[in-house]
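I've put the structures underneath this note.
Two complexes, one shared chain (chain A), two partners (chain B, chain C).
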Partner chain A sequence: MAGVRTRLLQLTLPLVRSHGFTRHALAQSVLALPAPHPEPLSDTAVSALFGEGDEARRTLIEAWLDEGRKQMRHAPSRSIKDVLAARLRYNESVVDLLPEAFATLVTPEGIPFVDPRPALSHAAKVADEACNVVNDQSVGPSWYARRTSIAAIYTAAGVTTPTNVTKDSRGFP
Partner chain B sequence: MTEKIEKSGSQSERDGVQSYRGKAEYRNSDFGRFCDLSTFPFTRFTHSVTQSNQQGSSETKTTHFGFQTVPEEAKESLVKNVFSSVASSYDVMNDAMSLGVHRLWKDDYVSSLRPGRKGPLRCIDLAGGTGDIALRILDYARENYADRETSVDVVDINAEMLKEGYKRFKKTMYHNTPQVRFIESNAQALPEEQFPSNTYDLYTIAFGIRNCTSIPDVLKEAYRVLKPGGTFACLEFSKVNNPLLNMLYDQWSFSVIPIMGTVLAGDRDSYQYLVESIRKFPSQPEFAQMIADAGFATGGLHEGKGGAWRDLWGGIASVHTGVKV
Partner chain C sequence: MLRIAFNRQPLLLLSRRTFATEASSRALPSAVYTNASGKGDPSTTSTPEDITEAQRKVLDAALRVDQAGEIAANYIYNGQLAILGRDRKLRPLIQEMWDQEKKHLEVMNKLQVQHRVRPTLMWEVAKVAGYGLGAVTALLGKEAAMACTEAVETVIGEHYDDQLKELDEMSTSHSSIPLLKEVIKEFRDDELEHLDIAVENDSQRAPAHALLGTVIGGGCKVAIELCKRF
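Moving on, here comes the complex of A and B:
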């Protein structure tokens, strides 16, 4: 059931660089199918599959973030530094789109204030994935401490405040 | 249109609603006849109904008609009779039964589809006899996007319901324009010469699919007539998840609505059927799976954001969507 939808999201990811995190990018995804459609998806179809308004954009951003975590597994070595560097390199192609993307995530519709949970969740997931990739053996309280510290370092490195991210970001402990 | 039902075999009657056992024979007086708009307001496409002779057969396929079990081939005629009976008071009764809430649901349903936002759409509205969804689609496109090219084919198996829709549209600016057509046909078997494959951008069916004998056949036809990228959207009564709300809803449905049917429309049995048919419809996840099995791409198997359906008023009604990819 969700297989086709997931496939379309995967096909949209390469389009983010040229079309941004937009409903238009999602609509274009059907043009990249093995049997491409003659025209992009209608606005109604994009809403039916991915959500209405900015909800569709959030779906796309979440899919892009999920793909970023998968890319961490292809780091050149199994050190935290290289794994997180791989994650930052994934951002490079769309670094100028990230401020608006994260702003969209933290400002849900209908709520007149910023919701930090998506940003915190993103940092936590990156930290957990990094620990899994390096085969972290922490247990108990140190399991939480390790992930919290990595999430804090990742956040401080400016991924969630992308104005500080440059194409040559390095410097993890 | 079915001219006469001849039946033999045993027949039981419960509260005026007849159940058929044994042989049922149907005779069609029309078959694929085009009608001149000046003499007959809508185009009729009928198909020969299967004549079955399964008297005493243990292999007779059955289906539900409300809480009753009837032969499958009998359901279509029984449902037709219900809607022929209620057609003239359909909208009044909808207002009475739902305290006007059905209007909110239909407004929400159509506005969520945003017809006309990115250009004119070719729409088909099934079981759309009285035309309220079609009118909402055209008004929405016109008022929000100055779209006067979006068109809707209103299709219904019941001529009486279509007549009501035609009368409604005669009071609007869309009458006698290419924006609306009324066609009598069966949602389970849309004739390909009139409804070619890959034609429509939007397929809607509101409070109608539960009355069809074979929901998978309806979904199959919907998939066929939609263009690649076209959207299927179904508004239908569904399962209420909250136990307290469900209890109140059951009380309203079974205690109040049939009495309203008696008082306002003089037809208790038809409204009894309508409330029973709601209870027999598949649950939201089951129906979402049926839509996916028909080939549509849907959201996840859950309600709400990113899901295959949206509940309205706690699940009293739901909007299911799918896209032909």
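Moving on, here comes the complex of A and C:
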């Protein structure tokens, strides 16, 4: 079951651009199998495989973020700048969808307030992956200092990445 | 248990020291980390990706604790030497043990990077507590300093044994885990050798030896549990 779930998540990732981080995208994943399923997964099947309601969407978002970290290993050079740039470029194709995706992550069901941990965890994982790619040898407190600064840089760069905006007839946003 | 064994079987000390001497003439497992021979080898440069999340947490915690332990051990000997550095008999012994711990720490730092382990948040606490423990016990006398070494190395030796059992349960085809087990065995034997040295140098004649050993041993176990988590 775990293998099927992972495989379908991988097949869903290319569909995010057109279908968004949605249960519908997950349902469509079976159509991309080598021996395609005749029709999309039912909502019950999506819930069984990936979780109920927005939990399935969170699973997809986490899988997309995991893939983004893997893509960092293919940066053109082993500098922090290029590695982080590679990660930010991965965001470009779905940049309009990211604010809502992160909002979904930080507002889990059953909790009446914003939970910043998923966002902090994401930045920390990106920073750790970046350090791993550049073969950082830090130990002890400097391990934390380096990753904290890289996470802050990545977060700031991500926040300031422009999203597409709708312009009025005069060309103003 | 080890203490009783040493009281009743002093020959065990000789046999362990003889083994260590023989081992030193062979290439030690940790040598792949301390010299350049292991560069580029996956066993020293990468971490297994085919272990479960639970096993990853076990590996993470194990290496974090080991690294913290070696930091503390370094500073214990540093503290002891600061007080007992003028003792002609103990100085070379403490220096030799400290030099071994420096090598252990060097290897643990490389293992931390290789396996992408988060180092302990108690890093600076380990330094201060280690130095303080070494210096205070040394101020109580040579025997108390040796009792401190005996207590710490007993806990560490048992801890490494427990880790070897955990690693035996790890099913992976990655070559880094068998190497890690060999390194831990080597370090365990080094720590037990330090225990031998401590006993030979009258650790059991320290004032309130049993109380000192219990308190220090208990403190080490608490530190191990804290470093596993933090």
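Methods note: the second predicted complex is superposed on the first by the 157 of 173 C-alpha atoms of A that agree within 3 Å, B and C clash if a C-alpha of one lies under 4 Å from a C-alpha of the other, contacts with A are read in each partner's own complex, and residues count from 1 in each chain.
Just so it is clear, a contact is a pair of C-beta atoms (placed from the backbone, for glycine too) under 8 Å apart; a residue touches a chain by one contact, two chains touch by 3 or more.
What you see is a predicted model, and the numbers here were worked out from it, not measured in a lab.
S.K.: Given the alignment on chain A, is it a clash or a fit between chain B and chain C?
M.R.: fit
S.K.: If we overlay the two complexes on their shared chain A, which of chain B and chain C does A:Val30 touch? Say first, second, both or neither.
M.R.: first
S.K.: Scan A:Thr59 for contacts with chain B and chain C and give back first, second, both or neither.
M.R.: The answer is first: A:Thr59 touches chain B but not chain C.
S.K.: So in the superposed three-chain picture, is A:Pro141 touching just chain B, just chain C, both, or none of them (first/second/both/neither)?
M.R.: second
S.K.: Does chain C touch more residues of chain A than chain B does, or is it the other way round?
M.R.: The partner that reaches more residues of chain A in the superposed model: B.
S.K.: Tell me which partner A:Pro40 touches in the superposition: chain B (first), chain C (second), both or neither.
M.R.: first
S.K.: Does chain B (first) or chain C (second) touch A:Arg5, or do both, or does neither?
M.R.: Once the two structures are laid over each other on A, A:Arg5 reaches chain B alone.
S.K.: Under the stated touch criterion, which partner chain does A:Phe50 make contact with: chain B (first), chain C (second), both, or neither?
M.R.: In the superposition, A:Phe50 contacts chain B only.
S.K.: After the superposition, what is the least C-alpha distance between chain B and chain C in whole angstrom?
M.R.: Comparing every C-alpha of chain B with every C-alpha of chain C, the smallest gap is 11 Å.
S.K.: Given the complex with chain B, which residues does chain A contribute to the contact?
M.R.: Its residues touching chain B are 1-2, 4-5, 8, 30, 33, 37-45, 47-52, 55, 59.
S.K.: Can you tell me which positions in chain B touch chain A when the two form their complex?
M.R.: Listed in rising order, the residues of chain B that touch chain A are 112-115, 117-118, 121, 201-202, 228-231, 233, 288-289, 292, 297-301, 305-306, 308, 321-323, 325.
S.K.: Per the contact definition, I'd like the list of chain A residues that touch chain C in the complex.
M.R.: These residues of chain A touch chain C: 128, 132, 136-141, 143-144.
S.K.: Could you pull out which chain C residues touch chain A in their complex?
M.R.: 67, 109, 112-113, 116, 118-119, 121, 123-124
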